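Quick one: this structure, given as structure tokens, is what I'll be asking you about.
Order of writing sets the chain letters: A, B, C and D. Residues in each chain are counted from 1.
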Amino acid sequence: MTHSPEELLISTLADMLAGDRHVAVGAASPIPGAAALLAQAEARIASGRRMHVSILHSRRHNPFTEGARELFDAAGQGRIDTFFLGGVQIDGQANINLVGIGDYPHLKKRFPGSFGSALMYFAVPRVILFREEHSPRTLVGKVDFVSAPGTSPPEVWRRGGPKALVTNRGVFSFDPAAARFRLESVHNGETPATVAAATGFDFDLAPRVGETPAPSPRRLALLRGEIAPKVAQFYPQFAARVWAIAA
Amino acid sequence: MTHSPEELLISTLADMLAGDRHVAVGAASPIPGAAALLAQAEARIASGRRMHVSILHSRRHNPFTEGARELFDAAGQGRIDTFFLGGVQIDGQANINLVGIGDYPHLKKRFPGSFGSALMYFAVPRVILFREEHSPRTLVGKVDFVSAPGTSPPEVWRRGGPKALVTNRGVFSFDPAAARFRLESVHNGETPATVAAATGFDFDLAPRVGETPAPSPRRLALLRGEIAPKVAQFYPQFAARVWAIAA
Amino acid sequence: MDDFNRMTVDEIAAAIPDGALLGVPADYSGVPMAATRALIARKARGLRLYCLPLTTIQGDMLIGAGCVDSIEAAAVTLGEHGLAPRFSAAVEAGSVTMRDSTCPALHSQLQATEKGVPFMPLRGIIGSDIAAHRPDWRVIENPFGNALDPILLLPAVKLDAVVFHAPHADRNGNIFIGRRRELATLVHAAEKVYVTVEKIVDEDVHASEASAAGGLPAFYVDGIAVAENGAWPCGLTDVYPPDDTALAAYAAAARTEAGFARWLADQGLGAGNAA
Amino acid sequence: MDDFNRMTVDEIAAAIPDGALLGVPADYSGVPMAATRALIARKARGLRLYCLPLTTIQGDMLIGAGCVDSIEAAAVTLGEHGLAPRFSAAVEAGSVTMRDSTCPALHSQLQATEKGVPFMPLRGIIGSDIAAHRPDWRVIENPFGNALDPILLLPAVKLDAVVFHAPHADRNGNIFIGRRRELATLVHAAEKVYVTVEKIVDEDVHASEASAAGGLPAFYVDGIAVAENGAWPCGLTDVYPPDDTALAAYAAAARTEAGFARWLADQGLGAGNAA
């Protein structure tokens, strides 16, 4: 069964969520949102276990009742196992920049801002960096502005941090002690060399950099049959584009 | 028109609330609660002005929607103008004791505890001390335990504090600079001398200590006609005793 | 199909271990009396009660039955039914340690845990004997002040468990708590969260904005037991009023240790008194 | 009989003075677009926006119309409609000062005022360039720690005013805000509170526990104006969805200053652009 690039990314992210009790997904994140719902469905099928998924963008899947602070409070309490962050720029030390390009505060190009990244990156045990565009423009040697640092000195309280970086070219893990990414797999059509050419920072290589596993037929069927209609409810444009379905 | 002792106290407290925007009344306080509702009705009649009255004991008159912390938060914000506090003991420096009699923690007689007094006494501009029993047992030279101090050193943040002490014998004002009470009026049948004999601390005398003014016929009619039925809804036993009405 | 961990009241009592720091709601806030009777029946021992911010018959019964080592609260009282007799007797005898606090401090120490911070500042309290007897509290100079400005810092408190009673849960395990947001504070600060409810309803608490505003999300909750009249003899807002006759009977009986023991026996809890 | 201070939308805009530190709700939280148009119409100047925690078209329009000196937020964006063009242009040109923050900090600084304390601690953030550019924030050593444990302290922020849009108020002046408790935080931290509503309803918001749980008490509110579709083109939860066509049209028009001016003129706000 063939799959789309988006379905590969959803499948890759879903693998990283197995075992979580509670996955939260921020705004404007259809692929992480679909991955969380897929992992939730698979946990139910495999073991009857309930995985909580909180998708801020969705009326139906947003469980919070104490206003916008509750996600951050829940993260502070250690109740969120995995969260997703992106970045206008991500550098080799996993620092992320959501603010802009240029010499802050005199930016050449202003982006929206840091959102809750400066807390979530510290408080959530597993943060998955997700940025589709994989180029020297997005994956840089040093970010122009640190919205949230990838690592912290030992005396600074930090429950979690970056565990992985997923792009449209491959999958990296992150070693906080070395403050370096390691390429774990490349998507179909890429090699470590093509990935390195598209990356603005140095990274390590896994002993064997394989191809990112394609979603199984069974997983694809679940994704298209059960998950896609749910995603269409809160990301209609994305669902229409990827699965040609309406909300 | 004759009035009961309770009606005199309600009337006396109501006089102290004129001009307030927001009066809050804690648990187990039928007389302060009735006084607040009376002052509210009189402000409406006099000028059409709305005085907010929050009575924690009442489902109907408790406006808070963020749980039990909201009263204290609102006080911290400076939104409560007057609050009432009592005490197992009150001393001449306006320290109040809601905890017990004896050498803390080895008390001879344990009472419930300090409730929110240790914040409210600082945060609310005008705190009215109200204790019906006026005896050397309740108005003491020095409290056995300071649930909340009557005065604070100048460097300690304090927006408000004790403004008056009302008992079943008279009305005192309080001078925080001198940390002393001053007898302002005595209830019918009392004199400064009988009050002094029943008081365990020294206090000053106003230039002319008059008799506590009796409620006017108009006020009594309002109290009995409009306020008493409201009080009966949340203090049925008190209303039955004082006004012989049922909820 | 229920999509939550359904327990019995006895299983909840068994899941709260001896010695636990246990969150206790106020009398207006869903008193878990069915679970309290189950704790007494299982002869719970060494409980440390943390009240938000006070307790009435729940704390008094647990103390009278010998389940409690210490209690932190702004007040322990039977309200209009008078002093809490087993509490007062135990404190006067020195058999239970009372950690005197004040309402906003009890809220703030849980809110610190709620926000994942190690402490919270609070105004007032300085100069009271409450502060004088709390070596776990600190006074610092306000770092943002220009002049001397002492302010109290209170350390975060994390509860081992909380149990409360609520009107209903839905089949997804969301709880309806209405305006009683202090229950959410207790929950956010607790390691384990158990809830007893009057009933399970079919309509999702999150279905409408009005209902959701009074909801507690399922992801906080470790187990739910159905216990009809589970707050009795305390009341449950908009569901049933307090049973003042039963509360008055308790207040009268509990004035003496013997009277309390008889009252427990009448409740089928005769073997629950202090070991 | 209405028992609240009824105002018009224009009176609300007039009551918010030039230079005010103005609370701004997020796009999911009752965006006061009618009041925003009235602020532009009255040529408000020098506003300092404090967003909880972000703003979309409201902040972008106010900036484009020259009403804003500075803005503090975790993000300014048109969401699925792209970057906020007037915001980005103004920040790039240096004509508006952006005070970059992060969502939980924006909540905590208002919660400090809510609790009447001078500061609140917050975890994380240390080592970010957000913290590096905020001289008003302090790092201290945790007084309760045993080892080195730096923690950020954030000073309390008191807003001069807040205005937001809500589904309804009752005749006693209570506001229904549903689950949007961040609106309560904005209110608690504001000197003056103005609300626009779709309608005034006869049933008291406090009448039932479910409705009261989504209520904001009247005593916080300084004035209420009825403004039907008052959040348009933003949505209002459970009342109407965002008008994506209008938002897309705004996003396209506002890409240039001239396009924005034409768009304002089409809204009858032609004279509102920067002086």
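Going forward, a contact is a pair of C-beta atoms (placed from the backbone, for glycine too) under 8 Å apart; a residue touches a chain by one contact, two chains touch by 3 or more.
Here the structure is a predicted model, which is why all the values come from computation and not from measurement.
A.B. asks: Keeping to the contact definition above, tell me which chains border both chain A and chain C.
C.D. replies: Neighbours common to chain A and chain C are D.
A.B. asks: Measuring between Cα centroids, what's the chain most distant from chain C?
C.D. replies: Between chain C and every other chain, the largest centroid distance is to A.
A.B. asks: State the pair with the higher C-beta contact count; candidates are B-D and A-D.
C.D. replies: Between the two chain pairs, A-D has more contacting C-beta pairs.
A.B. asks: What whole-number Å value describes the gap between the mean CA coordinates of chain B and chain D?
C.D. replies: Going by mean C-alpha positions, chain B sits 39 Å from chain D.
A.B. asks: Go ahead and note the Å separation of the Cα centroids belonging to chain B and chain C.
C.D. replies: 29
A.B. asks: What is the distance, in whole Å, between the centres of chain A and chain B, each centre taken as the mean of its C-alpha atoms?
C.D. replies: For chain A versus chain B, the centre distance works out to 58 Å.
A.B. asks: Would you pick out the residues of chain D that each touch at least 2 other chains?
C.D. replies: Only 104, 115-117, 122-123, 149, 151, 179, 181, 184, 212-214, 237 qualify.
A.B. asks: Two or more other chains in contact with one residue: find those residues in chain B.
C.D. replies: Residues 64-66, 72, 76, 123 of chain B each touch two or more of the other chains.
A.B. asks: If two chains touch, include that pair; go through all of them.
C.D. replies: Touch list across chains, by label: A-C, A-D, B-C, B-D, C-D.
A.B. asks: Report the residues of chain C in contact with chain D in the complex, numbered from low to high.
C.D. replies: 104, 108, 115-123, 138, 140, 142-145, 149, 151, 153, 155, 167, 176-179, 208-214, 237-238
A.B. asks: How about chain B: which of its residues touch chain C in the complex?
C.D. replies: Spelled out, the residues of chain B in touch with chain C are 27-28, 59, 64-70, 72, 76, 98-100, 104-123, 145-149, 152-153, 155-158, 237.
A.B. asks: For the complex, give me every residue of chain B touching chain D.
C.D. replies: 21-22, 50, 52, 54, 60, 63-66, 72-79, 123
A.B. asks: For a test of understanding, state which residues of chain D touch chain B in their complex under the given definition.
C.D. replies: 3, 113-117, 174, 181, 184, 188-189, 206, 212-220
A.B. asks: With touch defined as at the start, can you tell me which chain C residues reach chain B in the complex?
C.D. replies: Chain C reaches chain B through residues 26, 28-29, 52-54, 73-77, 79-80, 83-84, 87-88, 91-92, 94, 98, 100-105, 107, 111, 122-133, 147-151, 179-185, 237.
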